[in-house]
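Structure provided below as structure tokens; questions to follow.
Order of writing sets the labels: A, B, C and D. Residues in every chain begin at 1.
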Amino acid sequence: MSNVITDALCPFCGCMCDDITVVVENNKIIEAKHACKIGAAKIMGHHRIKAPMMRKDKNADFKEVSYDEAINEAARMLANSKRPLMYGWASVLCEVHKKGILLAEELGAIIDNTATVCHGPSTLAVHEKGLPTSTLGQIKNRADVVVFWGSNPVHAHPRHMGRYSVFAKGFFSEKGRRGRKIIVVDVRKTETAGMADEYIQVQQGSDYLVISALRAILAGQAAVVPDTVGGVPKEQLVKLVDTLKAARFGAIFFGMGLTQSMSRYKNIDNAISLTTELNSFGKHVIMPMRGHYNVTGFGQVCAWETGYATAVDFARGAPYYNPGETAANDVLTRKETDAAMIIAGDAGAHFPANSVRHLAKIPVVQIDPYWNPTTEVANVVIPVAICGVEVEGTAYRMDGVSLRYRKMIEPTHPTDLEILEKITKRVIEIRGE
Amino acid sequence: MTLKVTLITGRTINQGATIENKTSSDYQEATAYCELNSKEAGSLGKPGSHVRVKTPHGDVVVKLKENNGNPDGIAFIPMGPWANAVVDPDTKGCGMPGFKGIPAEIEATGDRILLMKELIARYK
Amino acid sequence: MQTVAIKPKNGIKISAEAENISPDKFAGKSEKDIQSLEAWMGNQKTTLGELFTIKAEGTGAVADVKVVMEGDFSRVKRIGEGMTAGLVMIKGNVDMHLGAKMSGGKISVSGNVDSWAGREMKGGELIIEGNAGYYLGAGYRGETCGMRGGKITVLGSALDFLGEHMCGGEIIVKGNAGILAGLSNNGGKIVIEGSTSRPGSEMAKGTIIVGKVDEMMPVFKLEGTEAVDGVSYRKYTGDVIVNGKGVLYVKE
Amino acid sequence: MELLIKNGAVFDPANGIAGDKTDISIKDGKIVDKVSSGAIVIDAGGRLVMPGGVDAHSHIAGAKVNVGRIMRPEDTRAGIKPRTKITRPYTGYTVPNVYAMGYRYAQMGYTTVFEAAQAIMKARHTHEELEEIPIIDKGALTLFGSNWPTMDYVREKNMDKLAAYVAWGLLASRGFGIKVVNPGGGEMWGFGKNVTGLDDVVPNFEVTPRDIIVSLMKVNEMLGLPHSVHLHCNNLGKPGNYKTTLASMELAKQVKPSKDRQVLHVTHVTFNCWGGTNWGDFESKADEIANYLNNSENVTTDMGQLIFGSATTMTADGPVQYANAKLLHAKWANGDVELEDASGVVPIFYVKQVSIHAIMWAMGLELALLTKDPYKVLLTTDHPNGGPFVNYPEVIALLMSNKKRQEEIKTLHEAVHKRTKIPGIERELGFNDIAIMTRAGSAKVLGLLDTKGHLGVGADADVSIYDIKPDQTDPSAEHAKIKSAFQSAAYTIKGGNVVVKDGQITATPMGRTFWVDASVPDEQKEIMMKDIRMKFKNYYSINLANYMVQDAYLTHPYVVRAGVIPVEVS
């Protein structure tokens, strides 16, 4: 039996391409048309964890158990914790986030998402300066100058340039690529840089200085700017400012090159100010290149439910927020966490060894469809259905546009939602005892 | 010889395509390597040979690769457990560890690359 | 005069939040009442008496309260938060938010303090004999003002974002400071006798005096040299981006 | 379940009840004639009883509200209350979380609130938040004033297509009515420009704000929508803008209402009754607006009252927010939506000693006190632009007490004496006036007076009881008592459930979401959809199949039907 689903959404990156045609035969996806390499890999699927597993000793092998057993043990571990951490949430839908936040409230836990090692610093910058941005269609229809700063869409967001930012044609941009100037600022010449009209190579860690120099030049204070800033000759900076000033609609897309380098969120803080100041000349917007498809969604749900976008500490019953203190790696580095739930994110792979070392010492529950490094440090592993492929629901694109994912095939495992509901119920029972 | 570099880590398309399949050899192939420009890589060995990357936070053995987009003194390892064996855990008061800009030393080694399971087993 | 002596009972691994350790909260209270003041450890509500051995003597107004703390408080947050008067003397290290929002009185620490010491401080004095963490005398996320008044002295060094969004008051660091000291300074005075990097970015008002700058922000105008207390400094004004009237002195 | 409220001093202006001791019977969520002897009895003991509060203009949900939260953690920490067995945690002051939004409205005796602006493309987000706001009934107005299809059809003078687009847009967004913000300006802000008056031509679309407003008013009446066009005027935030506001109000004369209500609601007048030519000669012209209202029958307004202290401005008026951010050196969020509209969010702190702020404080009050008919001026703060909605009791007290106003004036910048009329206005509103401005009037303006804003048989059983005995209280002198009573309802009854008692939340039932399903002839819709399909193929960044808000986002919908009816157009 064959079934074709059109206008399906890709559940991989923050582009959330919504033009995928999926061909399903006997509840198996056999083709994902229009998807990029990364998206297709996710949609087509592969080895899954078959059944729930548990072990006491992390060096021992897992034993398969029933879902009820695994849920009971997960609830017990979390309910007994004085400083639980609930981390992940990037590759699940907003409906799951809501259940997660409710459980965090019940537990008095810290809830943090993968933005903490991705665009968390971008949120910190938004606290300082706001965010002049727009939906991606504005860029597609209007942008004549596009800057990728510390971001590499060829690798990380393969269809971004085609759908939204470089090749896309629109109402005021009928020439597409030919009508746009593409500038890449990075510390190494990436494939994206190779496609640009101009590549500006910044000395690693010097982005903050370079952005300040651009702002100074823009403010008519070029005289104070030294001949070279962060490895970039002043003439090149002056030329870049001229290009940006002349733009009718400029867009800056930034990535981990800014969030993870020296000065962290202050790089973005500075880039936001540059964007704001450029609005005295033409229209300019700035946007983080969000990684996982629904990492933005967690920030949205968490903000409307708790007032804070991520890294929320419910220890005292009311939300408290202070990355640097309440983010996942803060409490893991300080060895405060005494139990963790890792869901839809892979702390084992994407946290520094120092944090993983602590996870290896405390009770860990993993809720995920796949075996990954977090599994290696887990005590309880609960496999689930894949959101966006086997489960329908809401996600937020990198520009904050929310869309509803379709169910492509029937799940073979329970959903995250069901598991979280059951753990929550059990936690309340345990706490009530 | 020992090469002193600044290490950055980050996404690649193959890392992305194998990210939900981290027990596979494809994932190791996609993430357990270190890129240098050909001049600097050449000082350590042939592409495909093994190097040990050492930082104040740990060390890891990965495969040597060439990428001439890298300026002198910049080494790149795709994000993932091999990279994270050597990144800076300090969150700098803002929750974000140091995944980029870590001073590192690289030298040729005959040691093999640990499998994902073996790598994580070191932390238990 | 009222003296309250506090020692940690057991090793505290999960940070305790003890904003009730403050002369304002202790003044006029009996030892038993002080012991029963609320404290938190992780998600567990507890009391100061559960976490600490507390001995109190005498009674007095807030200004007459002397809190003497001895031991390892490196996992005890928010000591002296919001205090208005009195004295807190700590022999040991302390955790985050020491003296946050304090408006009067004095806190001295013989050891190191973690991040956000003197956050949003309005007055009083904070003396740290060891090192300070990130965001010394800075603000809370999103606020336009960090420290507004009072004085912080660090005999050791401090980490990044020292005095961020300072609107008043004074911070003196005898050692070095991390990057972006005095970021968005809006009227505070910062002295770093050792070295720092990228100081004074987005500074609108105030003064920053440093011994050595590893990396200068490209946003300052060199005004010449000037002697401060008999020492010759290069004088800069900026940040030119924000049309800043801040002054940055760098030792020659 | 049956409920009987006895011995209340009832103010139910829509039914002509002004303080009479009237019993109110409730059964199955509705007001009924009488109940059985088994009904639960609430003895109001002579205290003030009103219909549940209705707010026709507040920013409670959606993209820009959440941007406000994300950019303002300093605001979130200002209103923290831990969870209880009944309530989730409260956070925030100007930008509360969804729970505090519902709880705080209910605690003030409000039971129905309308979000004032959503772009169609971001409506799913609005509904996600509305779904999580507890207790109150709600709905959202949909932006149409800068949408490319709107401007195309206005240029083509094709009202049939425009009506079909509006009907489809309301369905796509599950919206309640037509919101127009700085018409034409939203498109121009796409390139950082703006319109400066009703007759500026929007480039590429060749229409004027005047054309847009009039056309949308026409199709609003063609479709017989419950609410009228809801207009945020051009030039908002600029000294001298009262002229634009008056000229916009004039346009209402060109269209006849299809129902017993206005054809144009001009919102948050505090921000667009500005005289003067610059910040130096800035003055209030609220009296001119009031004068216009006193001599016309087809325009209504709301105050958008300024409250001193922290506020967060948020609007689809993108250019005004950029100007604000520049003027205030404040953080600035901008959120333009492709083919539809703009938006911006900027925090502000209103200070008594700043002349502009003191004058603005006077404007809302002048408007309310100089306009004779309270049905023409609703009580709002344009939450959180003028200030958070939790300050409505402060506004009520100011309207009811000249003494309070005079006390306040003493603390303000002297400009309030020279540039406003407020010091000389002695009028004090009564409970009936307040009940109109916060209940009957809001419901009438929204076109919901059949079930909301009154206590007659058939109305929703939304009732508030306040701890004031009207016959024993002098609001003028006892203004503090008035304020505190309205801050914390003795009872709030929502749909027949007691949700607040003595100011505390006692239950958190889920409210409904109101939206309007307006029908147009199929062939009319199909012709319009050809254009829409082209827009998606060429310009939108998402596919049409993923655009419309699905049923899943309205778990408790309340559908108001409307549709094309003949309309007289002069």
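Criterion: a residue touches a chain if its C-beta (ideal position, glycine included) is under 8 Å from a C-beta of that chain, and two chains touch if they have at least 3 such contacts.
No experiment lies behind these values; they were computed from the predicted model shown.
J.: Pick the chain whose C-alpha centre of mass, unweighted, sits closest to the average of all protein C-alpha coordinates shown.
T.: Central chain is A.
J.: Which chain pair is joined by more contacting C-beta pairs, A-C or A-B?
T.: Pair with the higher count of C-beta contacts: A-B.
J.: How far is the middle of chain A from the middle of chain B, if each middle is the mean of its Cα atoms, in Å?
T.: Centres of chain A and chain B (C-alpha means) sit 22 Å apart.
J.: Find the geometric centre of each of chain A and chain C from their Cα atoms only, then give the gap between the two centres in Å, rounded to an integer.
T.: One centre to the other, that is 34 Å.
J.: Measure off the straight-line distance from the CA centroid of chain B to the CA centroid of chain D, and report it in whole Å.
T.: 56
J.: Cα centroid separation between chain C and chain D, in whole Å?
T.: From the centre of chain C to the centre of chain D is 45 Å.
J.: What parts of chain B, by residue number, touch at least two of the other chains?
T.: 92-94
J.: Find every residue in chain C that makes contact with two or more other chains and list them.
T.: Each of 115, 134-135, 140-142 in chain C touches at least two other chains.
J.: Tell me, which residues of chain D touch at least two other chains?
T.: Residues 71-75, 77 of chain D each touch two or more of the other chains.
J.: Pairs of chains that touch, anyone?
T.: A-B, A-C, A-D, B-C, C-D
J.: Could you please specify the touching residues of chain B with respect to chain A in the complex?
T.: Against chain A, the touching part of chain B is residues 6, 8, 10-13, 16-24, 57-58, 67-71, 74, 76, 79-81, 84-101, 116-117, 119-121, 123-124.
J.: Of all residues in chain A, which touch chain B in the complex?
T.: It comes out as residues 12-13, 37-38, 41-42, 46-47, 58-59, 116-117, 120-121, 124, 152, 154-156, 158, 187-191, 193-194, 201, 204-205, 256-257, 259-262, 264-265, 291, 311, 323-324, 326-330, 333, 346, 348-357, 359-360, 369-373, 376-377.
J.: Can you check the complex and tell me which residues of chain C touch chain A?
T.: Its residues touching chain A are 13-15, 17, 40-45, 75, 96, 115-116, 134-135, 140-142, 179-180, 183, 198, 201-202, 215, 217-222, 238-241, 243.
J.: Considering only the defined contacts, which chain C positions touch chain B in the complex?
T.: Against chain B, the touching part of chain C is residues 115, 133-135, 159-161.
J.: Sort out for me which residues of chain D touch chain C in the complex.
T.: Contact set of chain D toward chain C: 71-75, 77.
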